[in-house]
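Next come two complexes built around subunit A: one with subunit B, the other with subunit C.
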Partner chain A sequence: MSAHHPAAPVGGKLFNLPVMICSVFIAAMVAILFVRFVFGLGAVTNLNDGYPWGIWVVFDVVIGSAFACGGFSVAMLVYIFNRGRYHPLVRPALLASLFGYTLAGVGVLFDLGRWWNFWHILWPGYANPNSVMFEVAVCISAYVIVMWIEFSPVFMEQWGLKVQKQKLEKVLFFFIALGTLLPMMHQSSLGTMLVVMGPQINPLWQTPIVPLLYLLSAITIGYGIVLFESCVAASAYRRQIEMHLLQPIAKIMLGVLAVFMLVRFGDLVFRGAFGHALSPSLEALFFWLETACFAAPFLIVGTPGARRNPARIFIAGCAIMMGGVLLRINGFLIGYDTGLGVDHGWNYFPSIAEMIVTIGMFAIEVLAYIVITRRFPVLAREGAAH
Partner chain B sequence: MANQNLISLELDERIEAAARRLSMDRREFLQFCAALATTLGLPQGADAAVAEAVAAKKRPSVIWLHFQECTGCTESMLRAEHPTLEKLILDVISLDYHETLFAAAGHQVEAARKAAMTENKGQYILVVEGAIPTKDGGVYCKIGGKTAIELVKECAADAAAVIAIGSCASWGGMPSTIPSISGASSSPTGSSGVAQVLGKPVVTIPGCPPNPYNFLSTVVHFLTFGKLPAVDDKGRPKFAYSRLIHENCERRAHFDAGRFAMEFGDEGHRKGHCLYKLGCKGPETYANCSVILFGDAGAGTWPVACGHPCIGCTEQGIGFQKPIHTVAKLKNIEPSSFLPRIVEEKGVGASLGSAAVLAAVAGAAAGAGAMVAKNLGLSHKAELMEEAKKSGEKTEV
Partner chain C sequence: MLPETACARDTLQRPPEGLGLLYDATLCVGCQACVAACKRANDNPAEFTAMDKLWDTPLDTSGHTFNLIKMYRNGTMETKDSELNGFSFMKTSCMHCADPSCVSACPVTAMHKDPVTGVVGYDPDACIGCRYCVAACPFGIPKYQYDSPTGKIGKCELCRHRHEDGHYSACAEVCPTGATLFGRTEDLLAEAKRRLALKPGDWTTIPRGRLPATGETPEAAAKWKGLVDQGYQAQVGNYLQHVYGETEYGGTQVLKLSAVNFQKVGMPDLPPKSSAATSETIQHTLYGGMIMPIAVLAGLTWVAKRNVVPDDAEKGGQS
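Let's look at the complex of A and B:
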């Protein structure tokens, strides 16, 4: 992180309404997690043998880590494609990613039946290097560490650790490179987990190229989240929106999205699975909802004129995020039939307690974002020359 | 030290001769000896020791007494097939007195017993089958004019070892159960075990009937090592009676998983679920039935495998005493408190509350999004107007 794009703490009070609301949700989550860790998964979740994972995995981990791809997508743009002008977006995006991933890593723990054995997956004697789950676990835990290193100059700046910062910056390129490699590995592996579930996944989401779909959509979501986050931060902190940066980002996002849509529909047609989308079923309905969300940005921010309107940029970001959410929920829950159409009656809908925990997880992210942007130099200095 | 090396017996003529004597081929004979050594829980190499002892040593003389019993123990010995009984009594041991199997009768038999006792003084094995009545001077069981008490004391005096076979001889067994008549405090004839009558501990092979191989292994242990195997506090050889039936039961997984037969012939019973709730005494009975099964009728032939709960026949106070369908007291194994369900729940679906919460969250998010979008749109409009104003001013100037 170079110094020619100065960032500064936003400042202001820490105890305000959003912080209070977040704290209430977090407290509720802690209470429920206490019950969960003492009395087991069955005490609070609606999980069953047919649906061994619910929203804690699909939302907190799979979607949470996809939402956290902003840092990866922007870092790729800035450092791989050498578009230095997007530099002011790196820190805020990285911050969102940092907490998204850290919480995704922690969130896995909530869903483990025998959570006290969590370290087995990384322990040489227990680890199974042939497992997709293993790759995801290793990549995510490595990436969380890498991101904290990538983000640490922010803390060093604030605490005046200049010498250490200089030393770190000399080797930072290595971590930045790792930080773009690791998410590519595990975002695709999160899709690979569907491949191993075979015919239990509806053909609309079960494809040999599902890793590519998950990777492409994760990159798109990464840009979508940057749009969303910049707009929300600007309106919440009453700052100038960095429209001159968001417009081209939106354009890049549409480009990646177009590739994604081509691959998605090309695959469906090529495999002959498109017919499933036309059947009168819940899966087909959700497929079209998902497709609508992915297609919407083309209508909303398709023209340069439309891209100048921050409201459209914001809605396009939201649509992409919804599309990503639906792609993952559809693959992991709605299009997932453990009974293979033979053993009927398997059913899953998240319990209130499960939802409160998920809300609490997102509340932690929001709270951390507020506290860190107010107290540490993350957002670009207001009024600084761009 | 006994021979520990099976290879050294490779061309041993004694082994060949012993195998011929037992009408086995050499390989079968060695397998038989290895099986006995394994039943005894002996380490590797003991098979050689057993084979050499059976082949070369003088067959131990056995005197077998019958008292208050049903001859079931003998019957079960008759069903042993590895080797069959006639080989066993003629070639592995020297059965010098046995009321059921003897061709002779009366004084002839008594003479045979006396002769064997004199000839093998201090070296013969005394096996007692059946309980010994002690009430009224033991008049309830007499053989050749002698009470059971007198007979057992006479024969035990010069015996190298005394083995009580069957539950009756071990502690009194079935004859010792107290009738459910008011006031009864002992069995009508005061039936007792051998140890009680002799006033000293003996090796007991309880069971109703006991597994013949447990008896055979005990005798062969004596033959091989010159002493009886280690026993527990009830005189039962540890190699056979140190584990609960439950510990090695083939239905144990069903117990752990909470799958039980609730009545004979129900679905669980037909599927081979655990018989604990039908009164199986496996969890409080020490015996090796679940390991070596029973008899030689093929795989899966022991009571529990046949679908009947264990009645605890090797355990004093349980067999013949505790009603067959009374649930066993779990000795050292508690059922898990986290039993999986027999019919797995398939999920409850959306409740009104959870659907409402999800809708509320979605609504709140949509509302907040709409507000943010509206504000952004308004500021954009204001900006555009300002720009228009500025450009307008510029043209005016």
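Let's look at the complex of A and C:
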């Protein structure tokens, strides 16, 4: 059975401390972006030709979109694997995804050196279907639209558009299917983007099965995010943590994670690349940090007893997110080396300005989440869910 | 899960009439005439790294420097072209790959390989400035102009904008020793192999400027400006038996000879299979004809249609 738990606005004040903090970061971000667009990328970033991609690409887009996989992971669970009881988690997860992806799309524009041409990427005659980035761009653009459609019943409910909502719900199944396919396509392709860089990527992260690794890790991150976000939302709004839902989610997460680990290590051994993990190098250190983060949830929430502890659930979610962050940073930055440091080696560490823009982007997400959950029916109605 | 043969994309090969350069490090005297000529031909500004700002002193190729002679130094630096206690020069500029990573990476076809000349050209009007080409190139060649709000990618295009006027690559035009030679890559490869077959220290004729194609007609020769026979007598270098660019990544149109290990002078060790081929094989296997995505979508739609229950229906007591 899939008892339906009606969602309801949380209500309450919109102007409080978290909202103010977010607003300050957003204002700082806007100021920095002004400088960036007037004077160029070099004026505010530490980007260089040895590291042409910095945190605006790797954090805001590659990691930001992976963090936004909660909606996809939960929708897949509910609608594809028909686990209706997780339905209360769909809307909050979808909301986080919606903003994660929308902002990843907007964030790309800050990083594009010739941003006024951005539409070329979808324009026949310019678009290059052989490019992995083309595939990513098409899928993410399509997915953002699909997610707004998937989420629109929330606004229709609030504004009393019953007829429109009924019409939409008749075809919603198609958008849900599309909303499951598209993230599978571009989350895997985000990993495939590394392949063309060839030997510049350390063999620990350069593999022909990188699309599978990124897809599996994106799904686990999706569940990790749901654990994290449910705990934070419950704590911030002083509501009951939906432990009866989070426990089985944690278990499913471990299952996908186990598959990921098998593929990850099987591939390293099969390619004979495992030796790189044993060398005394920064890359090896970060590889083990990444691996520790992915292995930690097995220790933290490995037993049914441990999964009853909300603190453990929360920490396991954080560990998965960290693992996903490290997998991506390691592939795109730590494990990236143009190898042409003959005259001068290349270095990159993000500037303060770059970091503020990235923080500002996450602040927009937090702010939007607060405003929308307080004013629109996203979270399950308190008390009705049990 | 992945049918390997159906969509595999082989490493592309050089076009038969492809143009390129042959750089012979043992002939290079490090005068940087080619660097200055390249700046002039491409209308690039000087880049200062010294305090007095008198000379163009770029430390590496950049969005404003498309060609540079770098130097390898070891120990006492006594002997030219010696790995130990010696020095050597190496030209850094676009290799014009047979199967370029930048062309495969570029999402908007701003990087384009000419099907006849094989020159990898750049179109700033198409470019979105994503710098995927910068990240993708194993030679670190496309560079971005970070100092401008409208920055472009800068890279060697083999002076293709001057070909119409009969000018070939400026670096080869001005090279006083023939260390940089312009021509069809097939001819340049034969010339490189001729030099490798000679005995080090023997005297041989070294062509300068442009190497005429084998069996070149006077009409074809008239297309290019400058003297045809600028050859001179020089001693054969102590070459490594390796034409760099013959097979790397499926081959490049710029070829290099050196007496010092190529990795030590900054040329990466690359397999004969290009990364572009690996990348596009993965993409075409997954997305060829959109067959797999459509099949998956059909399956997902079928499942979702069964499982998605409208909110109102649920309220009516169904599940």
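The working rule: the second predicted complex is superposed on the first by the 376 of 386 C-alpha atoms of A that agree within 3 Å, B and C clash if a C-alpha of one lies under 4 Å from a C-alpha of the other, contacts with A are read in each partner's own complex, and residues count from 1 in each chain.
Note that in this section a residue touches a chain if its C-beta (ideal position, glycine included) is under 8 Å from a C-beta of that chain, and two chains touch if they have at least 3 such contacts.
No experiment lies behind these values; they were computed from the predicted model shown.
Taken together through their common subunit A, the two structures put subunit B and subunit C in a clash. Contacts of A:T303 after superposition: neither subunit B nor subunit C is touched. Applying the stated contact rule after C-alpha superposition, one finds that A:L41 touches subunit C and leaves subunit B untouched. By the touch criterion defined above, A:E135 reaches subunit C but does not reach subunit B. Of the two partners subunit B and subunit C, more subunit A residues are in touch with C.
By the document's definition of touching, of the two partners only subunit C reaches A:G84; subunit B does not. In the superposition on chain A, A:P211 makes contact with subunit C only, while subunit B stays out of contact range.
By the touch criterion stated above, A:N16 is placed in contact with neither subunit B nor subunit C.
Look at A:G50: by the touch rule set out above, it reaches both subunit B and subunit C. Of the two partner chains placed by superposition, only subunit C is touched by A:V196; subunit B is not.
Legend: residue contacts after superposition of the two complexes on their common chain; A:F174 is shown touching subunit C, with no touch to subunit B. The single stretch of subunit B with clashing C-alpha atoms against subunit C, selected from 171-179, 189-197, 297-305 or 315-323, is 297-305.
Touching of subunit A by both subunit B and subunit C, each in its own complex, is seen for residues 40, 48-50.
Within the complex formed with subunit B, the subunit A residues making contact are 40, 46, 48-51, 231-232, 235, 241, 308-311, 313-315, 318, 345-352, 355-356, 359.
Residues of subunit B touching subunit A in their complex: 338, 344-351, 353-355, 357-358, 361, 369, 372-377, 379-380. Against subunit A, the residues of subunit C that register as touching in their complex are 59-60, 62-63, 70, 72, 101, 104-109, 124-132, 134-136, 138-140, 143-152, 249, 265-266, 268-271, 274-276, 278-280, 282-283, 286-287, 293, 296-297, 300-301, 303-312, 314-315, 319.
Only residues 1-4, 37-42, 45, 47-50, 52-53, 78-80, 82, 84, 111-115, 117-118, 120-121, 126-128, 130-135, 137, 153, 166, 169-170, 172-174, 176-178, 180-181, 184-185, 188-189, 192-193, 195-200, 208, 211, 336, 338-340, 342-344 of subunit A touch subunit C when the two sit together in their complex.
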